[in-house]
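Per-chain residue numbering starts at 1, and chain names A, B, C, D, E and F are given in the order in which the chains are listed.
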Amino acid sequence: MELISRNLVNIAAIKAAVEGAEKLTAAQLEFAKDRILMGTERKTMFISEESKKLTAYHESGHAIVAFNTEGAHPIHKATIMPRGSALGMVTQLPSSDETSISKKQLLARLDVCMGGRVAEELIFGQDHVTTGASSDLHTATELAQYMVSNCGMSDAIGPMHINERPSSELQSRVDAEVMKLLREAYDRVKALLKKHEKALHVLANALLEYETLSAEEMKRILHPYREGRQPEQQEVVQEEGELVLA
Amino acid sequence: MELISRNLVNIAAIKAAVEGAEKLTAAQLEFAKDRILMGTERKTMFISEESKKLTAYHESGHAIVAFNTEGAHPIHKATIMPRGSALGMVTQLPSSDETSISKKQLLARLDVCMGGRVAEELIFGQDHVTTGASSDLHTATELAQYMVSNCGMSDAIGPMHINERPSSELQSRVDAEVMKLLREAYDRVKALLKKHEKALHVLANALLEYETLSAEEMKRILHPYREGRQPEQQEVVQEEGELVLA
Amino acid sequence: MELISRNLVNIAAIKAAVEGAEKLTAAQLEFAKDRILMGTERKTMFISEESKKLTAYHESGHAIVAFNTEGAHPIHKATIMPRGSALGMVTQLPSSDETSISKKQLLARLDVCMGGRVAEELIFGQDHVTTGASSDLHTATELAQYMVSNCGMSDAIGPMHINERPSSELQSRVDAEVMKLLREAYDRVKALLKKHEKALHVLANALLEYETLSAEEMKRILHPYREGRQPEQQEVVQEEGELVLA
Amino acid sequence: MELISRNLVNIAAIKAAVEGAEKLTAAQLEFAKDRILMGTERKTMFISEESKKLTAYHESGHAIVAFNTEGAHPIHKATIMPRGSALGMVTQLPSSDETSISKKQLLARLDVCMGGRVAEELIFGQDHVTTGASSDLHTATELAQYMVSNCGMSDAIGPMHINERPSSELQSRVDAEVMKLLREAYDRVKALLKKHEKALHVLANALLEYETLSAEEMKRILHPYREGRQPEQQEVVQEEGELVLA
Amino acid sequence: MELISRNLVNIAAIKAAVEGAEKLTAAQLEFAKDRILMGTERKTMFISEESKKLTAYHESGHAIVAFNTEGAHPIHKATIMPRGSALGMVTQLPSSDETSISKKQLLARLDVCMGGRVAEELIFGQDHVTTGASSDLHTATELAQYMVSNCGMSDAIGPMHINERPSSELQSRVDAEVMKLLREAYDRVKALLKKHEKALHVLANALLEYETLSAEEMKRILHPYREGRQPEQQEVVQEEGELVLA
Amino acid sequence: MELISRNLVNIAAIKAAVEGAEKLTAAQLEFAKDRILMGTERKTMFISEESKKLTAYHESGHAIVAFNTEGAHPIHKATIMPRGSALGMVTQLPSSDETSISKKQLLARLDVCMGGRVAEELIFGQDHVTTGASSDLHTATELAQYMVSNCGMSDAIGPMHINERPSSELQSRVDAEVMKLLREAYDRVKALLKKHEKALHVLANALLEYETLSAEEMKRILHPYREGRQPEQQEVVQEEGELVLA
């Protein structure tokens, strides 16, 4: 952790030197944090307009689910600027106390994962969904397996820890429960994004115009399209450590 | 064993030196024992009120099951002070003669393991159960597997030792028996904690107020809520060696 | 990449030296690129007339599917000159942005893979299909497995990532979905090539006469047999990097 | 073998030296043999009265089955003095010719193994059976597997040698046969011990009083409770090599 | 390849030296080729008349299937002189272009493999078939697996590449298809050899009399028993490289 | 082979030296051959009368099946003198030409293997069969697996080579065929030995009296009990190399 912090300062210092600045600014530290978390920006990479549009809706899908699901991590920012192998990403802030996570919070994480793919399908149709969601599906599947196999959070399996070599029958039941959790999350998210389709268009267009948006900017943009009270955890925003969703 | 004892004395001596004490006190030795068994206290860790409350009920669940189940190990103390990666814990005293354990005692251990999760579900509802029970479930599953596979304690399998590579059919039957033992324990504990729900609230609130309670303190607190005679083994309290339940 | 480029120039330079040329020509660079991508030409290898004819139809099958399927990579050239262990090949140009591929594009790749074998069957009958399609089938199977197991592109599996050791039941369902995707591609391509059978004969005969044809030459040859508008992506032809289909 | 004999003499000689004896006595050799076969006596270990009682019935169970089953190895002695990790044990004399063992003798071994657990269940009830029988069950399961898989002693499998990787169907049949042999042994022994319940009480009480009993002493104790002729093999008692049953 | 050629000349030269010849003859080169391909002749090995007769029919079975199946490799010679561990063999000439093989040619190879065993069964009865066909069955099974798993040549599996770890269900289907291909080949060959039974007797008797027969000699012998036109590929005889069938 | 011969002569020479003989006799060479093939005689080993009797019938069972089954290897001698870990053995002469073995000969080998166990069961009853037959069952199972998996000698599997990792369904069918071959052999042998029960008693008693019997001696003993003509292969007796059956 300390190593990372020192690295952060080094990168920020180099940035400041390049820019001829006399002392480190918040912008230079933000630049350094993004560089460490998300890789180098690929400003020269050619992205087709069609691909940009798809990415904008994908990232907006993640963001809108996170804004509208109780128990989800608060969002920090969203971008369609490609970094590393990702065409865009949404970063979330981890909660302060991660030692014990509730079932509700885990379900919210599944939903946020599904947001990108569901937005693709909703806007472009099933034939145009992309391979871009594969890492989201990987993350969601691992979460669901943890819930079923380690945390006793599935009725069909119950309060049991599944070890590495269960019988094929038990493994089938675990697989079926995991699949069920994932399909339910997908369906929940489909209903949620259909309901917030206008907000989805507005946010995707904003990303296409501005490339990167902070949580505050997104909230301002989405304000007219809010329904009811925002979930509480959105208010608690911490500055240390971020989660990244491609 | 000797190594541990010497380590214990060293830690206690350092504590005494820090405190400027002239000789080792029982309190310094207790401090050293906790340090070895449970890791360093994390007084600076930020824990939300909601998380503390959940932990208090989780640990109280373990404790109340242990106090009310014949054959369970006697409790030594309970705490919601985080140590290592655990947000709280209940420590139990091992019985004097561990070479041969009865089925009844093993079932009591299953029940004590289930106490934490069942308390979470009972008080906060199924959506709010947490990942905090995962190590309890791991322990309970291993106990149940030992009963079924090694000790001939299941009717469906009978007096047979299951080796590492049984047929998939036999493995399925073992898994089904293990699942059955675990569900039965869960249901027994649910009934027990429903019956002692008042005691559960009282003990959880006491933990929230005092953070750590000894067996004696817990017994005094729970005295008005006792029904009938306390199981015998509670009387036999030994000072050497403790079991820890997160 | 740089290494390859340097290697390319070296081979072209040697070719130029052999030919006594004073500077590198486009033809010498094309020669070098083919040498790297496809192996050494085997001009002395004896190929029976029957085998040549089968190869001509096989490669024409790939080409006609690629010309007539939306989402397929644009074709660069086709040849029945044996190189390495292949009796002929079709080279395609990769699309500019490969980080995110749509389901439609993946299905088009499956179809292009199937084109060779389907043409064999259509023209020579089922008894005369050859082992020459085995690498096409390998590629198509891996694509279909990626779609089903990693990309959530199959209804029967849904938005789930299949890890390396699924239950045998889930593995069966994955295998069934992969088989379904492959059979559907095969059937689609059979219908397409039946519809374009005249074009298939014309292109195969042109390959038998000229051995190697560029995309432009093929388009001119097939012009009278086109039906409707050519898919858009055919227009975008890039010069850097090629895909090879044996 | 020679090594063991020399070791035996060494231990006996040390014992004699400690006792200031001028030459080795039979008692010193017996002491040395027990030390090698069964580990060091644990005279200082604290054993609860309840546990001692359970052990006395467990060992008496083994002994009474061995006395009353044709084909069983003759008993040498029984003890409830803990040695190593065992709380008690029965030692048997191996038969002179071990190269070829009959099915009847193998079934008798299964029965003797089951004697301990069955006695626990009969006297204390199913909830009070202990983990102490786990090594007996392990031994019995291995014997039954040997009979079924290597010796053609099961009708359902027949005259076939089962190798390490049979089909899962065949493995299931083997497992079912092994389970059947073990259950039948358990049931036979339950009937036998019910019939000899008085003898069981007498022998267990004698062990509680004297801790260790020789075969001769047990026979004298059980004499009034014998029914009919003792099985022949009991007469043949050899002095060399012993089997141990915990 | 060059190494083999040089080795060939060396062996031929030694043979010539032994025979006191001044220069290498075709016969000495033929001798050297046989030595490399088939091992040393075992003239001193004692073979019973019954075994010789069985071998003669086995090799004649291979030969007659090869002569009468379109797509089979042309035969070079047949022998019942034991070499290495084989009691006899038929050598075939590989086709000129092996990079792409048709389903028809693969089926012909299966049939030629089956010829030996089918002749044994037809002439001597099922009880007298021998272990001598085991390597033929191994070759045939591998060919059939290649057709089904790699070449999409089975309707039940279709245009799919089967990787090393398919689901057990898919593996069962592959096994069933392989078994079907092998049984069909066996049945086809049984019908063919029944029809050519006279030729089979004639050829086997010729082998018993002359031990080794060239393709030309076999054709002359079988001429009166031919029905219709010999398949075309028999005419194309090449001198380089041979296949051996034991 | 040469090494063995030299070893044979050495052992015989030592024997001769011990006996003070001036040159090697046939008896000394026979002694040396037995020593190499069967281990050292264990004259001092104590064998109970009951065990000796069982061994005599076991070995007689092997011998009588070998004498009365067409295709079996000719017998060389039988003994109930323990050697190595075996209590007795029958030695057979290998046939001259082992490169190709007929199904009939393989079935005869299965039958000879079963002879020992079947004789035990027939004379002493099922409860008294011994572990002594385990290596016979191992040999018989491996023979049957070779017939089914490698030699196409089972109708249910047909002309197919089973590789190491078949589908579980195919493996089940192979196991079922192997079991069927073994049970059929067992039943055939039971019928045969019932028919020759008098001869079995006579031969077993002769072995109990003389310990070792040559083929000639056995034939003389069994002469009055022969029915019909002895199978041919019994006449062909070779002096080089022997097979051993425990």
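What we mean here is this: a residue touches a chain if its C-beta (ideal position, glycine included) is under 8 Å from a C-beta of that chain, and two chains touch if they have at least 3 such contacts.
Since the structure is predicted, the reported quantities are computational estimates derived from the model, not experimental observations.
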Could you tell me the least number of steps, going only between chains that touch, from subunit A to subunit C? 1
Please state, in steps, how far subunit C lies from subunit B along the shortest route of touching chains. 2
Farthest chain from subunit F, comparing Cα centres? A
Average the CA atoms of each chain to get its centre, and name the chain whose centre is farthest from that of subunit E. B
Measuring from the mean C-alpha position of subunit D to the mean C-alpha position of subunit E, what distance in angstrom results? 64
Cα-centroid distance, subunit B relative to subunit D, in whole angstrom: 37
Residues of subunit B that contact two or more other chains, please. 168
Ring membership in sequence, subunit B leading and subunit D after it, reads B, D, F, E, C, A
So, in the complex, the side of subunit E touching subunit F is made of residues 46-48, 51, 54-55, 82, 85-87, 114, 117, 126-134, 137-138, 140-142, 168, 171-172, 174-175, 178-179, 182-183, 185-186
Any idea which subunit A residues touch subunit B in the complex? 96-97, 99-104, 106-107, 146, 150-153, 157-161, 163, 166-170
